[in-house]
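Shared chain: subunit A. Partners: subunit B in the first complex, subunit C in the second.
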Partner chain A sequence: MNRKLTYAFIYVFLTISAFVSVFPFYWMIVGSTNKSVDVNKGKLTFGNQFLENFYKLSENFDLGQVIWNSIQVSLCVVVFSLIVSSMAGYGFEMFKSRGRDFTYATVLLTMMIPFAALMVPVFRLMTFLNLIDSLWGVILPMIPSVFLIFFFRQNFQQYPKEIIMAARVDGASEPRIFFSIIMPSMKATYAAAAIYAFLTSWNAYLQPLVIIQSQKNRTMALFIANLASGYQPDFGLVMMAVVIATLPTLILFFALQRYFVQGVLGSVKQ
Partner chain B sequence: MKKIFVILMLSVLLLGLVGVASAAELSGKITIWCWDPNFNVAIMEEAATRYNKINPNAEIEIVSMAKADVEQKLNTILASGVKKDLPEIVLIEDYNAKKYLESYPGAFADLTDHFNYSEFASYKLDFMTVNDRVYGVPFDSGVAGWFYRRDYFEEAGIDVSELGNITMDEYIELGKVFKEKTGKYMQAGDPYDGGLMRTLLQSAGTWYFDEKGEPNIVNNPALKEAVRIYKEINDSGISKETSGWNEWVAAFNGGEVASVITGVWIIGSIKAEESQSGKWGVLPIPRPDVPGSVNASNLGGSSWYVLENSENKDLAIDFLNQIYAKDVDFYQKILIDRGAVGTWLPAQKGEAYSAGDPFFGNQKIYVDFAKWIEMIPPVDYGLYTYEADAAIMGVMPDVYSGKISIEEALKQAEDQLRNVIGG
Partner chain C sequence: MVAKGFEKIQDKWGWIFISFATIFLALFIFYPLVYSLYLSTFSTKGIIKNFVGLGNYKRLLQDNYFILSIKNIFVILVIQVPIMLFLALIFAFLLNDPKLKLKGVYRTALFLPAVTSLVAYSVVFKMMFSTEGLVNNILINLHIIKEPIRWLLDPFWSKVTLIIAMTWRWTGYNMMLYLAGLQNISQEVYEAAEIDGAGKTAQFFRITIPLLRPIILFTTILSTIGTLQLFDEPMMLAAGVTTGSSVGPGNSLLTPSVYIYNVSFKYVPNFGYASAISYMIVIIAVILSIIQFRVAGEER
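Moving on, here comes the complex of A and B:
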């Protein structure tokens, strides 16, 4: 009896949580099918403006270019960030040196500094490097991810050291061990990290905001912010743009979902 | 080794993907930063087309972004002291203009000798003037109007011919009568939004700050009156409480309220509900009952500024001059297409301003607005309008509940404001 009651509570709680998580998605999709006036009024049923909104959005704005910019940024960040961060995490975990713990602590501490505080220096640096208004100016500062270094190190901790020893005995070089043995056997970790890196770069806002200057180089997040501003934004269009911006993340997540759960739980194929 | 090679190849591929940043800039390019694709951006595009007919060698790029983004980027660039890749022209909201002009001296071009400022609405000049030098080109007006539903007022037997010169107290009384007769609200609004407060202050020719920039709160009769009006509106039950822009717009789009007191820029949102065409009208706003107040005010609005260190500063000034201070036809076009009321006065003699608007029952609303624009008392917004707004709104809960008197509330708000701005 008591157990049933507990279950009932759990189910009620989960149902509410599910509703809270799913409702914004529902609202977003419904909004993309309605006129701005109806979105304003809080209409909760599907309308017939879906194609109209899509047409208006793609007709009036260079949507293709915006999406392409975001994809370039995200892909580059994912690939480079994964390589750099995993190598760093591996190095911190596997090689002992005198300053290691101090360096690691210092690197972790930088997580505490919000980007807003770094904005002016980053802007000056990018001006110096002549990377203002270029996508590389957005990508480069996002590559070293402290969180990913930490994440990879945590996962490498559980990696059986015997395998590395065995490889060394067999005469494999350190890069070879990393690229041929470690990397392939930690797919789940990499998949989870890829989702994280993709999400942060896809949704990045402040950093592209200060670096990107011209219309043709802006990313999806900047585009949506622009669309949603003004005396009378067209919320149907905004919702449509948000739907489009959400799709790549959804696809990536569903494709890597299985790995993601494993990766976050920190399991290693043995 | 093969794997490394593959990774290297992949990197090269990705590097190629992004390409090289375009380097060489054409001479004679004007870059403009502004917000609102349907308003400022579209208007600037119209201006650019017109200027290109005069000067085909100018290339004009209009970068559209959110308002907060324009501010963020401008602050970053000016704070970093970088002098390249600056936009030529930026749009700045009037309430914030002085903050930029005083925080970054020398960053904006002195336009005093380039424009005939007597042709612009006088209330647009105070906040863009520092040490008698003028730094901006006045753009859109937020001239306030009392937008009302003709059908609702008729139903309640209200005679609008007597409403041209009333006080806020009379307005509230009217709201009570109206609610009794029809059961509908007179207005909608967030009791913690400072918009109406700023409208009332300006109609009395005063602000949160005095001419020296010192907080002017405790001894400001107009402000005291405005706070009393806020409480009165809240107590009387004539206002449907909404929170945020969307709910507010929905209240009048949905026909739940009989009127809206706000800036002229709301017309676009009112007209979005096409089924209400012909049912709206505009009256002069009710004034606060203090000496010197008028039935005209302003809410919001923004102006163009040229950056001193931008590459094509002179070209940008010429552009603004040719269009925003010479082209009467341009102002007619943006009024018809975008509902933008400019503040260059000669434009208001144009024909678009004298036409009746079917949505407003063929009332010649822009003739009225043009008249009210010239009545708006000029005030210097100072550096910290939004900080002051927040300080006042912070004490409103206690005012509404009756926990503290208005005098006490103003004293608390002034202390709070002085803490924030370090005065």
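Moving on, here comes the complex of A and C:
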């Protein structure tokens, strides 16, 4: 095949694929401005129901509370998960010993276990801890992230060991080295990890579904699921809720995209 | 002596640094895993608990719902995962070309679906694929079909919808991992191939795929585990479509995770039986991962 033709074909293929990827986002936003009937009929143009849908959603449901619940869960998971996972990744990478290598291998193996398999015991445990229907019951099990431990360890591999040695010679304590030298200098890694932790917690469905029982403690995902699975749902409202749930993740992604790409690339690079 | 003392202190700090994560993992993964094994030897109805030994596992092998749920995810594993990974490889290969323009735009556009919540995108797809909805309108206007397809009301088409939806959501994510892997392959390899007259197709099959093998294995395992835990998408696509307890038309969207959830929380809760199903899933995940490791190892 002629080279120019090959490239023309590649551009067409990529453009169509990119269009298919982005189109549902467009349609979701369009849907939030339309009436239920129009969404159901697949209307492709903007309507004038945007404010109407928003008012209906916030008047009929405790939208503010739902969003606040999701924010609380996500913030706690991001903060705790980053601290705990990066400390572990650092510990595994910088202080090597046979016992810890074995522990690490065991930790990695647990990546294979689906949450559904842990659902019942976690529910029992939360009942025992009296955390059923509480946001902490959602947050705590999401803090240990095997993926993030792995991710941080991979990224710490590239950290120059000489700096740590020099700090030790200067008499800095180990926690001080970690918290005031390493942490501030690994911004890209932490930003990428933060996006990952935010996305997982903000979007989590099964775990809150098992733990949360009352309306007032619902998170965004539970709310949308509820709204969409009811009898004859109002599709305009559903789309509005979907837009509200998706917007923060989009903003975060675009704001931190550079770090995110860097972080992902860093973790797979060896 | 001094060195030894230093090592001891170092060792102590090593354990301290990993301790928090280890405690959390022990509490929320290891303990549940062990407890689940114990629980799987009981039949429970509410608070009544009877020891049945391997009874739950015997019951599983004759449970048509369980067998159907396994069949359903195997269809996804065999059809959706290869399509998605192959597409992701092609995208990564094309976007790795230094001569290509608008790389960043394409990459962002293709990756964007990966930031959506599983519940949200499933709901959007459910609306797009409704019988009188968008996708059917487009297909009818393009004269590809004459009659609307009953996407979510037909056992076959509901699986097709699920496969399309999952491919949309996850292809860009896998592409990103491949792109990261391709960073390690020097562009010179491709330049040399081009000088030797190798076309794009030859470069893709002879260079990209063999050199990315470890990451392909990694993504295959991730996708396998992901498919085994499939929950949000079938729950959303099936919700409100059929009456009764069927998950999708004729239980076409019933997955093991949905079944575990239903056995534990929807029907009369039987935690013991649910735990047995859970264990089967863990065992299947481990077996599939071992097979994939073996296959990848042999081809080397």
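Operating definition for what follows: the second predicted complex is superposed on the first by the 262 of 270 C-alpha atoms of A that agree within 3 Å, B and C clash if a C-alpha of one lies under 4 Å from a C-alpha of the other, contacts with A are read in each partner's own complex, and residues count from 1 in each chain.
Operating definition for what follows: a residue touches a chain if its C-beta (ideal position, glycine included) is under 8 Å from a C-beta of that chain, and two chains touch if they have at least 3 such contacts.
Because the structure is a prediction, the values reported are computed rather than measured.
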Look at where subunit B and subunit C land on subunit A after superposing the complexes, then choose clash or fit. clash
Which partner chains sit in contact with A:123 here, subunit B, subunit C, both or neither? Use first/second/both/neither. both
With the two complexes superposed on chain A, say which partner A:210 touches: subunit B (first), subunit C (second), both, or neither. both
Regarding the shared-chain residue A:40, is it in contact with subunit B (first), subunit C (second), both, or neither? both
Looking at the overlay, does A:72 come into contact with subunit B only (first), subunit C only (second), both, or neither? first
First, second, both or neither for A:197, with subunit B first and subunit C second: neither
Quick check on the superposed pair: does A:97 touch subunit B, subunit C, both, or neither? Answer first, second, both or neither. second
If we overlay the two complexes on their shared chain A, which of subunit B and subunit C does A:167 touch? Say first, second, both or neither. neither
Subunit B versus subunit C, judged by how many residues of subunit A each one touches: C
Contacts for A:225 in the overlay, against subunit B (first) and subunit C (second): which applies, first, second, both or neither? both
Set of subunit A residues, in rising order, touched by both subunit B and subunit C: 39-42, 83, 119-120, 123-124, 206, 209-210, 225, 228-231, 233, 235
Residue set of subunit A touching subunit C in the complex reads 1, 6-7, 10, 13-14, 17-22, 24-25, 27-28, 31, 39-42, 44, 83-85, 87-88, 90-92, 94-97, 100, 103, 107, 110-125, 140-141, 143-144, 146, 149, 174, 178, 199, 202-203, 205-206, 209-210, 220-221, 224-225, 228-231, 233, 235, 238-239, 242, 245-246, 249-250, 253, 257, 261, 264-265, 267-270
Given the complex with subunit B, which residues does subunit A contribute to the contact? 36-37, 39-42, 60, 72, 75-76, 79-80, 83, 119-120, 123-124, 127, 130-137, 139, 175-176, 179-180, 183, 206, 209-210, 213-215, 218, 222, 225-235
What residues of subunit B sit close enough to touch subunit A in their complex? 1, 3-4, 7, 10-11, 14, 17-18, 20-21, 31, 35-40, 61-69, 72-73, 76-77, 79-82, 84-85, 87, 246, 249-250, 253-254, 265-266, 268-269, 272-273
Please name which positions on subunit C make contact with subunit A in the complex. 10-11, 13-18, 20-22, 24-25, 27-33, 35-36, 39, 91, 94-95, 97, 99-100, 105-106, 108-110, 112-113, 115-121, 123-128, 130, 132-138, 168, 172, 176-177, 179-181, 183-184, 199-200, 215, 221, 225, 228-229, 231-232, 235-236, 239-240, 256-257, 260-261, 264-265, 271, 274-275, 278-279, 281-282, 285-286, 289
